[in-house]
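Two complexes are shown next, each including chain A; its partner changes from chain B in the first to chain C in the second.
And now, the complex of A and B:
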């Protein structure tokens, strides 16, 4: 097996050279910093850059007693649990709409309109949405015009997280939609014809043909969405600074705020915890998906 | 034959000797050329100051020059820490003294004591005791002061009529004016709360009322019980039903706050000597405004401007060109350098270079010797665990600014008192 693989490497050595450039970049700017971060999490924060005082699991133990850490963890998990199905369902609906034969005129425009938020820089989108949802922003102006009371969109803990979920939905649903749409093209149309002949309704065709056929895309989008939302950072950094009252203080933002205070030990411990938690959830999801396929 | 070999050897040695001697001479003259690497926060507005100091230095040291590189605030602190503790490569670091203090603490004392350098610098009499206090860590002068960051209370004069006795230099007038601005459709007061929520207390308690150590003192111990009622009054500017504080401040940093001020969305705001000249210009977006002292709880004559900090230069112990850097520092208080600092950063330590006739309308108050200035307390240089104390303080304030009522604010402050004393006890 190994010999066969080595033979393949020898055969396609030029291709390996081309991809090894990207592998090298990943190692230098991705894997190495990650391993360093995990390593530093076992040292006293203030000594990481000097004499490096090894303190074992102390940074992790201090997190256990940190109420803000658990609050961050709770918020991150709840945010992900709600956002992932909302995004997937929205993407399924949008892709079904875009795939519908009745929509012929402007299909490219609608695809672009749904996908453009995804390629808009995160910070730019967040800054604009912050202005929209500010107390004197466009949203409250609209509510005033239609004779409704303004809402404290970003200054009330309950609504602030809802706004962030909305902004993330606007930002990411385009990618999931395009992936579903691409997989729609791969579905064998004769299956639908056979279903029609057998008297299946539109909903039955969707449930028993479309959804199973989209399973690979569902797994891909689901996995990507879980990772994406567990590491939510930009919207908290730009729009709410983790507030109000830590209601949007996601784990990644909490790690960043520790880093800003030069509390490197806690920052790396939180980041390491988040990394392994995402790994665990991803593997669990993958195992579940594999078992279902069998 | 042997003789020929010997003579050839001698000539060869002589020739080598000449080469080395010549080379050494070249090396010596080229080693006199020194390039001092300076890292500075902010933007290229700072560069003219460094260039002016360089020009003065080059009158006496023509072979010395500088290489000044700018970084944004978020990058320079960790970068400085890494350079000071490990990688080196920088001779001088320019930043707010408070940030340099944190770098000093975190690096285990990685900056040189500049006491002797300041003592040897001409014109060092312009450095005040307050400057030294801000720039010192345990009696070592760690930061060479270049300019001061002072601020005052700005209030718009083009939204509502404000008579002489309505100027917000007392607490009651401040609150009343805030209420009038709100009725006129703008925020009464704004100051960002998304980061550094403790700032407001430096302005009103320390500057306005000369209260020092309102949360911890130099012992250290917590003073929260003594000042919690005044702190609650200030927090209620945001939390109460009749709040005058901009509600969006909870999600803003200083950049967002400046956008708000420069689009005339706030009636009262903090004005710094670093931005007042720009804001006095017609197209600044701020509109017509005036500056006064921060409000006193009692007497309108008792308020003061806030000396929020000092910006200066620190010298890492591992600086490659340490001696040259020390030479450069001594030219930073020169007239040309201080003028450049005033022109580009709005401030300096030598007020003698300031042409008071050319000051803009609202700049005058910052250079008026009759206006009281009170320095913010600085503990960064005193306790290595100060960041832990500050974190606890900021977290509690964030909770307090989201409190439903005054009772909850007081409860949060009471818990903060316990937490601060616990941290102090743990670290003592």
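And now, the complex of A and C:
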């Protein structure tokens, strides 16, 4: 058994050279730091670089008693639960509009405008929207002009998380939209003609032809969106720094702020928790989706 | 035949799309025109897009940032994004070729599943152990880009889409093509370079473009794995500028424009390829 394996390795040694760099980035810079992150979570905070002070599950136990951790977990889940459907529905509507037969010119322009935030560096979008929603920024002077009272967008908890949800929508909806759009264009057009002959309304055609045909894209976009929103970080780091009053202190930002205070043990415990939570949600979502498809 | 769309519907759809497109491109208009405004003008006329008086203050101020000329950070952006793109495209192209040729070789499946798992880990949180690792490997230090480049080349950041694109490409290569090569007794190197590389130009181009676009604006690995500003790129500098109390708005706008223009220009020139590549890579991922 081992000898046949060794023979294979000798015969195809060149392929091992081919895969070596890929293996390097997957193992040395991928799986190894992941495992060491989990490993660090069993050690005392700031001692990782110099000495190792094993404290077992203490970092996890102190998380259980940390009210900020639970608040952080709760708002991460709430933010994801609201943002995922909003993004998916917005992308569905946008792709339906872009696919509308009445549009004879300008389709490429609209598509580019909707997609371009996705390839724009995330820090740029965050920095600019932060200024737009500033107390004396453009959004408030727009409100003043239409005779509404200005809002402290970034300094009151409820609106701050709303602004972050909006900025994340602006950034990502283009990706979900073009994935739907690509799927739209794969739908067999004769299905619609048959439906019209049978006297189906536009809504019925959408409900019974379009939505079922888009189901694979829905599963894909849904999974992506869940993972992406659970990991939300940049907007919290740039726009709100987790505030006001910890209302945007998402798990990944909370872990990061622990890291900044050199509290590596606590930071990696939060990171490990978030990773397993993402794994759990993704697998639950995938098995739900496959059960429905059957 | 289906009913032709009504005039009212057409106007409505155009109206909605115009409003949405305006919101989507508004940040670009804001940064470009605010960079030509004075701070006073930005604060006092937040709604007007065009400057009341054109001013070059913001641009003059970003020419020197924290004691270094702007070109220093621009050059670092190029070093980091080109370096990352090179590592990513090299690793994923020959790596997925090896996986395509003999998936059952010892360790191959394991390496692939390690890659897939590392995609799930939040990139932000991978940086804590990466920081320790980079120090241990001696890749941390003033002027040392290697730690930043390798960290940015992992599945957690740039390598996912290019890997899926190459994997998808190899799935379309007809088996007979490779068979012909093995009958000739050609080595794996010859098969790759003589038979595959000539037909790989499109997928190389798409992967390179996507990899460049995603690595140009990276800031977190740069901030966390840099010892000092000798390795800061433009995006890291923008984060730095934004962290100070009392943000200078015209400077922020000018620096945002400098960061954004290269990616927007590259994207607009290659938009069809990039969008198709991102969709294909996402769907097959």
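One rule holds for everything that comes next: the second predicted complex is superposed on the first by the 268 of 294 C-alpha atoms of A that agree within 3 Å, B and C clash if a C-alpha of one lies under 4 Å from a C-alpha of the other, contacts with A are read in each partner's own complex, and residues count from 1 in each chain.
In the analysis below, a residue touches a chain if its C-beta (ideal position, glycine included) is under 8 Å from a C-beta of that chain, and two chains touch if they have at least 3 such contacts.
None of the values given here were measured: they were computed from a predicted structure.
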Touching A:30, do we find chain B (first), chain C (second), both, or neither?
-> second
First (chain B), second (chain C), both or neither touched by A:190 = neither
Where does A:157 make contact in the superposed view: on chain B (first), on chain C (second), on both, or on neither?
-> first
Which of chain B and chain C A:149 touches, first, second, both or neither = neither
State whether chain B or chain C is in contact with more residues of chain A in the superposed arrangement.
-> C
So, does A:136 touch the first partner chain B, the second partner chain C, both, or neither?
-> both
Which chain A residues are contacted by chain C in one complex and by chain B in the other?
-> 49, 130, 136, 259
In the complex, chain B touches chain A at residues 74, 77-78, 81-82, 85-86, 102, 105-108, 194-195, 246-248, 250-253, 265, 384, 387-388, 390-391, 395, 398-399, 401-402
For chain A, which residues are in contact with chain B within the complex?
-> 46-47, 49-51, 68, 130, 134-136, 152, 154-155, 157, 160, 239-241, 243-246, 259-263
Residue ranges of chain C touching chain A (in the complex, touch as defined) = 1-3, 5, 9-10, 13-14, 16-17, 20-21, 23-28, 30-31, 34, 42-43, 46-47, 87, 90-92, 94-99, 101-102, 105-108, 111-112, 114-115, 117-118, 120-130, 132-133, 135, 150-151, 153-156, 159, 163, 187-189, 192, 213-214, 216-220, 235, 238-239, 242, 247, 249, 252-253, 256, 259-260, 263-264, 267-268, 271, 274-275, 278-279, 282-283
Chain C contact footprint on chain A (complex, rising order) | 5, 8-9, 12, 14-16, 18-19, 21-34, 36-37, 40, 48-49, 94, 97-98, 100-103, 106, 109-125, 127-132, 136-138, 140-142, 145, 170, 174-175, 178-179, 182, 192-193, 196, 220, 224, 227, 230-231, 233-234, 237-238, 252, 255-256, 259, 264, 267-268, 270-271, 274-275, 278-279, 282
